[in-house]
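Order of writing sets the chain letters: A, B, C, D, E and F. Residues in each chain are counted from 1.
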Amino acid sequence: MTLVSLIEFEAASPEVRAVYDDIKATRKTEFVNNFWKALANDPPMLRRVWTSVKEVMAPGALDPLVKELVYIAVSVTNNCEYCIHSHAAGATAKGMTPKMFDELLAVVALANETNRLANGYRIDVDERFRLPLGPR
Amino acid sequence: MTLVSLIEFEAASPEVRAVYDDIKATRKTEFVNNFWKALANDPPMLRRVWTSVKEVMAPGALDPLVKELVYIAVSVTNNCEYCIHSHAAGATAKGMTPKMFDELLAVVALANETNRLANGYRIDVDERFRLPLGPR
Amino acid sequence: MTLVSLIEFEAASPEVRAVYDDIKATRKTEFVNNFWKALANDPPMLRRVWTSVKEVMAPGALDPLVKELVYIAVSVTNNCEYCIHSHAAGATAKGMTPKMFDELLAVVALANETNRLANGYRIDVDERFRLPLGPR
Amino acid sequence: MTLVSLIEFEAASPEVRAVYDDIKATRKTEFVNNFWKALANDPPMLRRVWTSVKEVMAPGALDPLVKELVYIAVSVTNNCEYCIHSHAAGATAKGMTPKMFDELLAVVALANETNRLANGYRIDVDERFRLPLGPR
Amino acid sequence: MTLVSLIEFEAASPEVRAVYDDIKATRKTEFVNNFWKALANDPPMLRRVWTSVKEVMAPGALDPLVKELVYIAVSVTNNCEYCIHSHAAGATAKGMTPKMFDELLAVVALANETNRLANGYRIDVDERFRLPLGPR
Amino acid sequence: MTLVSLIEFEAASPEVRAVYDDIKATRKTEFVNNFWKALANDPPMLRRVWTSVKEVMAPGALDPLVKELVYIAVSVTNNCEYCIHSHAAGATAKGMTPKMFDELLAVVALANETNRLANGYRIDVDERFRLPLGPR
């Protein structure tokens, strides 16, 4: 049960409407999902989070589908029901097949398993892994 | 400080050597990292975990680099130092550039942020997101 | 669905009733919430946890509302549905406005984001931050 | 060991320098901590995260010290070493006494404890706690 | 709401049926729970995870009931609703009494509490605790 | 690096010394580990946490070694370095063999894996698992 009212477009302030319009234009859809309608209770937060999502999830060195898969990986690890459902839908829209989802979950589950083996045995990092990444 | 001794090839039983040999052959390298040398204290665990890693991380519907990125995403979320270093190295060997790593972290961080907004506001999942994935 | 029966006052042992009475007296209410009714299945646990809550959440160097906000911050990070709802109610009773809740969530979400950036890049702690806190 | 080089002011691009200058001006200090020097490897990320931190941590319905305490609460729950040290320093600068830190940790620890009791027993949320927060 | 269809025995491929038969034989029951019916969408994953569970949960240096208790401890810490319910049932079948469950939760909760005190104060590990475990 | 000074017996107040004495008497050792010396900065916290540990970890429906194993399971899942080392030592003193530790980690890792499969697929809890535990 949500702790906040969902702000529909009709009831929204101009500041909120502008964000909703940008969401629709960016995603080429008329649909604005509950996440944004909840955040709209705090218009500066809505704007700030949307700006970050728009910027971070845009195509770059990683393609948008890979970014959606990573988003799901984190959401499954943290057990965020809303985020799993919404990003599974988002990833599907970007081309994720059910088989890709299965493999994604397999990797997420395996990483959660081996993370605990490495942490539990307190395994020292190999010297050759202790290298900084190169310059951009 | 590791809680277990690292088992070197020379001191290893035939069962452990067989796994080490398979790791080397699969990865086309002479290097076996500390993770496996720690697990070798429990040979059936070594074999079981290696079998899973070999199977799950192989090319499939997702390519191996994407799987490495997902592995890092989980390891960062859980804060597994060993796994971040070893999989950053692994991903780099498979083609991850520093810029891709930056974008990966940006998505991981953003997902960790929005997971808490969705969970904190207890946002209801939109009806249209409540669809099962299709058949394989 | 709860895994335990909720113990109502009428069905409770004298030991449990004494704790319920102390909860009511301390909180100046007739209402005892489900958390305590669940713990009452294990009377020593009920007493121990209540004693800790009573002691820790009392006014001190931090005021009770700040303590409630911190409680929510942890509960959101861990995704404890029960605790988010009960402490949102508790904080509201102590003066938390909806606007304060929005800002609280914004900080919680941001901290969850930057925690992963710091952990993911394995950033060394600055020398000047490595100072112990002073004496009490 | 950090995975990225730290970008010092002297070696920084104008875009990065502008953010460093804003950090210094906002915080009224010449000191820029490692977190920002690490993020500077990805200038748009540096700018975006700094903008969020500046906005979210500013005085509002919650005062800046309370926000720092909440930041620490999340960082302790997630075990982010860097963030615990840097925000303990930040909170101290804003007036946190060692005694306040002790009480903060006591609440954080207690919430982590009761979160597991509520989740472990799967306790149903009381009807009276199922109320949305009011309008802003 | 599950993201995948549950594969019933009648609709299952021979590969999946073989795993279901092994689950039934190993557990001496006709009942196959939803977890396996969900994994059956990806038959190699079903086989791999079942093989691991069968191997890891078998009697060894730890008895099966202790293993079930540990499983619950992890599931409560991570807040996995499905796993708490299914392993509470599994542990009960192996002899866990409600009183044992109460004590289990008390330990889980306490460990979650003290983990944050140790991490929050950044307490150095005592020299005498820095010993590797002995040979197997 | 610890954020607090460690309070040695010689420098401790009578209130703190009384707790140290009880720790020594209960554990039949002259050794007081750093955890308690850190908590001693806040004497009421020291007393409260020690009282809880003494009560919760005492023999009951679960024996003390099982409780230590559960403690380790939680600490590994949360990645608390201090707690893993101290409770590995504590469990060893109570009879944990290295082989038991290996099996413990195997279960912890497996549970962390399957928790994500159950949460990721959002698997519905089987009807027959939805039973409350019986009366104590």
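Methods note: a residue touches a chain if its C-beta (ideal position, glycine included) is under 8 Å from a C-beta of that chain, and two chains touch if they have at least 3 such contacts.
Being a predicted model, the structure only gives us computed values, none of them experimental.
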Of C-E and A-F, pair with higher C-beta contact tally: A-F
Recurring contact interface, reference A-D, options C-F, D-E or B-F [over half identical by residue number]: C-F
Chain C-chain D separation of Cα centroids, rounded to whole Å: 19
Distance between chain centroids, defined by C-alpha means - chain A, chain E (Å): 28
Averaged-CA centre spacing for the pair chain C and chain B, given as whole angstrom: 34
Sites on chain C at which at least two other chains make contact: 1-4, 41-42, 52, 56, 77-81, 84-85, 88, 98-99, 101-103, 105-106, 108, 110, 112-115, 117, 119-122, 125, 130, 133, 135-136
Sites on chain A touched by chain C in the complex: 3-4, 41-42, 45, 78-80
Residues of chain D that touch chain F when the two form their complex: 79, 84-85, 88, 98-99, 101-103, 105-106, 109
Contacting residues of chain D [partner chain E, same complex]: 72, 76-77, 79, 81, 84-85, 105, 108-110, 112-117, 119-122
List of chain A residues in touch with chain B within their complex: 1-4, 31, 33-35, 38-39, 49, 52-53, 56-57, 60-62, 66-67, 69-71, 73-75, 77-78, 80-83, 85-86, 88-89, 92, 97-104, 106-108, 110-115, 117-126, 128-131, 133-136
Contact footprint of chain B on chain E as seen in their complex: 1-5, 41-42, 44, 48, 51-52, 55-56, 125, 130, 132-133, 135-136
